[in-house]
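I have a structure here, written as structure tokens, and I will follow up with some questions on it.
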Amino acid sequence: MNSRAFHSVDGTYNFAYLDEQTKRMIRRTLLKAIAVPGYQVPFGGREMPMAYGWGTGGIQITASIIGRDDTLKVIDQGADDTTNAVSIRRFFRRVAGVQTTEETSKATLIQTRHRIPEKQLTEKQILVYQVPQPEPLWKLEPREVETRKLHAYSEYGLMHVKLYEDISRHGEIITTYDYPVEVNARHIMSPSPIPKFDNPKMAMMPALQLFGAGREKRIYAIPPYTRVRSLDFDDHPFKPQRFDKPCALCGAEEVFLDEVILDDKGDHMFVCSDSDHCRERRAAGHTGSRASDAADMGFVPTEGLN
Amino acid sequence: MNALLEAQSVGHSYAGGQLGCEDVSFRLYPGEVLGVVGESGSGKSTLLGCLSGMIEPSQGSVRFDAGGQGLRDVFSLSEPERRLLMRTDWGIVRQNPRDGLRMNVSAGGNVGERLMAVGARNYTEIRGEALDWLTRVEIPSGRIDDLPRTFSGGMQQRVQIARILVSKPRLVFMDEPTGGLDVSVQARLLDLLRGLVRDLGVAAVVVTHDLAVVRLLSDRLMVMRQGRVVESGLTDQVLDDPQHPYSQLLVSSVLQA
Amino acid sequence: MTQNLLKLRVQNLHKTFTLHGRGGIELPVFQDVSFDVASGECVALVGSSGSGKSTLLRSLYANYLPSSGKILINHHGNWVDIASVEARTKLEIRRETIGYVSQFLRVIPRISSIDLVAEVAIAGGSPSEKAMEAAVGLLRRLNLPEHLWNVPPATFSGGEQQRVNIAMGLVRPYSILLLDEPTASLDAVNREAAIELILEAKKQGAAIVVICHDEIARDRLADRLFDVSQFKAAA
């Protein structure tokens, strides 16, 4: 292999920023994580040219597995055009020279913060999650030595204590983000702060799911077609979130909606959180109750914005 | 009847050679309450640690009859087996309820944890049982969802006891269970403990420096000094007719109320 | 027939208190005490004050530890030396074979009188309703006013406390009874009630050892006297 292959487009950095030794280390970690679904594997996390909390864990995974032929999509809270998504996409265009896209179906690699795309992913795709806190038990058990034992010995009663607390205080499980799951009938795992709406999508997903926590230096994974069960009680079963109205722009039902404030008089509407999904539907002629306002309010296709 | 817990020449020295306890042997039978008294530094806390699986003794053995399978060396159990024992057959009542409770979890959640830890997954049943136990330790049912930090010290101690007894342990270790409580609160807690120990038939090892506690709770007594048991026998015999110079000193130092 | 059945055998009993805190002073109490008590027999311990009657009685209950000698208890047909047997057997003997009425009421605080009495029966294996019935019957016969039944005896008069004490000692059909001044501080009527109850127990076969300064009561209860002062050890 000639040395050029390792260089970024502008010749300043190694291809995809990380040096090859680091990538190999992270890939070994990924293999281990895939072999033990849901188990948090420690890795030698590197300093990245951005602050913790901006997706350094996810970026290190992406940098380690991305190839020149990959097409990268980056989403933040479902949208492709938010600051975090834009800057990460720009970062990889610069250090890896890869194609980027906002279209879920065209991407081979999707790095995400807080959402799973609405469109069913395929075996040809990999989903990389940015994880702020990989340990699902951390709020209840602050000692890390102890939480590792709880995982090792499958002592997971504590996780249900949290759900118990929800029901006893609020009458139901009110955890709506980062809702804990059991992976492959063994490890309890934090799905990262995705809405629990997305939890069912993790189960038996054809795409490989990888999770990176930069600050905590942990990587974990869900291989394709793995059982993923959201924790619950027999008499308080897991209830997927539902919205009582469709997207105001594209009319989609059964999707995750964001509330958008329209003016200072309290006018608001609910629209798809997955901006690409919404755009695609509108392009195909679907309309919602306020579709006509969309252009006025700047809800236009954003392809080419950056 | 077979012994529930057996200590054989149990001894422990800390790194640096400091003696914790030495050559302690006894057998505890189901339903029996053994008191261990002695001044600070007498080795009673080290002994409790060794007996309850927290400190591996450097000499001797501690054996427990888990589930009627005969006596097995506690330290030859694998760590997960020992941890299972600690949240099912055993309970440890700590002097400071903060060490025995999850302070950021409601009273009901604290009591329900041991049930969930062994696989209970029906919320209604878990809550029902938590409520039942809180009532038995005289916590008003309306406080089931309150955090322990909103409770008085005596109430916290009672929640801790409910949290342990809910799993119907066969052996409870108590480390100064009434320490740090007001005298009137101590009395109430002791009455409660006495009633529960008797009603449930649990065996207990109670470590304390308070002779009134063992007079009330324990059937048998061991007096420890400088890591060794200097005298043991029926509680009332050791307190009324102490034989060892140190036991005599200990008993005579207490003001007759 | 049961008249000749031995229940208690004291053999060469010796007791000396050693006060370590006082430079190891030795206080000899008695030495070489031996006697037997049969079923249905009542032996009264006599002797001057300080002769060791109470110490002997307490030793028989394993509350005091003899310096040497044996105290053989007929425990369910087996002879067991309560002075040397392991603690849990001592407890078992107390639960099932020996009843003890002390001169002073020393009971678990904050428990009502009726529960104190019933608990003794429950500990011996009675179902709780039966135990409660027995407790009610005894307290009634001992004329303890009914409004005191649900009150802990701590605030009772001496005579009232003594009646709770007697009820606790007699609520179970023990085969051995040790009674330390059972009628002291009782008025004539209540003394009579207590004597009646003790005589009933004796008639049912209990072997009784009693300390009783009250000569009228002693004459009614005791079949023979045993003078402890003759065993006084030389100081």
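A, B and C are the chain letters, set down in written order, and residue numbers restart from 1 in every chain.
The working rule: a residue touches a chain if its C-beta (ideal position, glycine included) is under 8 Å from a C-beta of that chain, and two chains touch if they have at least 3 such contacts.
Quick caveat, the model's predicted, so the values are computed rather than measured.
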Looking at Cα centroids only, farthest away from chain A lies chain C
Chains sharing the largest count of C-beta contacts are A-B
Centre-most chain by CA centroid is B
Distance in whole angstrom between the CA centres of chain B and chain C is 33
Chain-centre distance (mean CA atoms) for chain A and chain B, in whole Å, is 47
Taking each chain's centre as the mean of its CA atoms, chain A sits from chain C at a distance in Å of 79
Interface with chain C, chain B side, in the complex: residues 29, 32, 187, 191, 194, 216, 219-220, 232-234, 236-237, 240-241, 243-245, 248-249, 252
Contacts from chain B onto chain A in the complex sit at residues 79-80, 83, 87, 102, 104-106, 108-109, 112-119, 121-124, 126-127, 144-145
Residue set of chain C touching chain B in the complex reads 17-21, 58, 62-65, 87-88, 90-91, 108-111
So, in the complex, the side of chain A touching chain B is made of residues 139-140, 149, 152-153, 155, 157-158, 160-161, 164-165, 167-169, 233-236
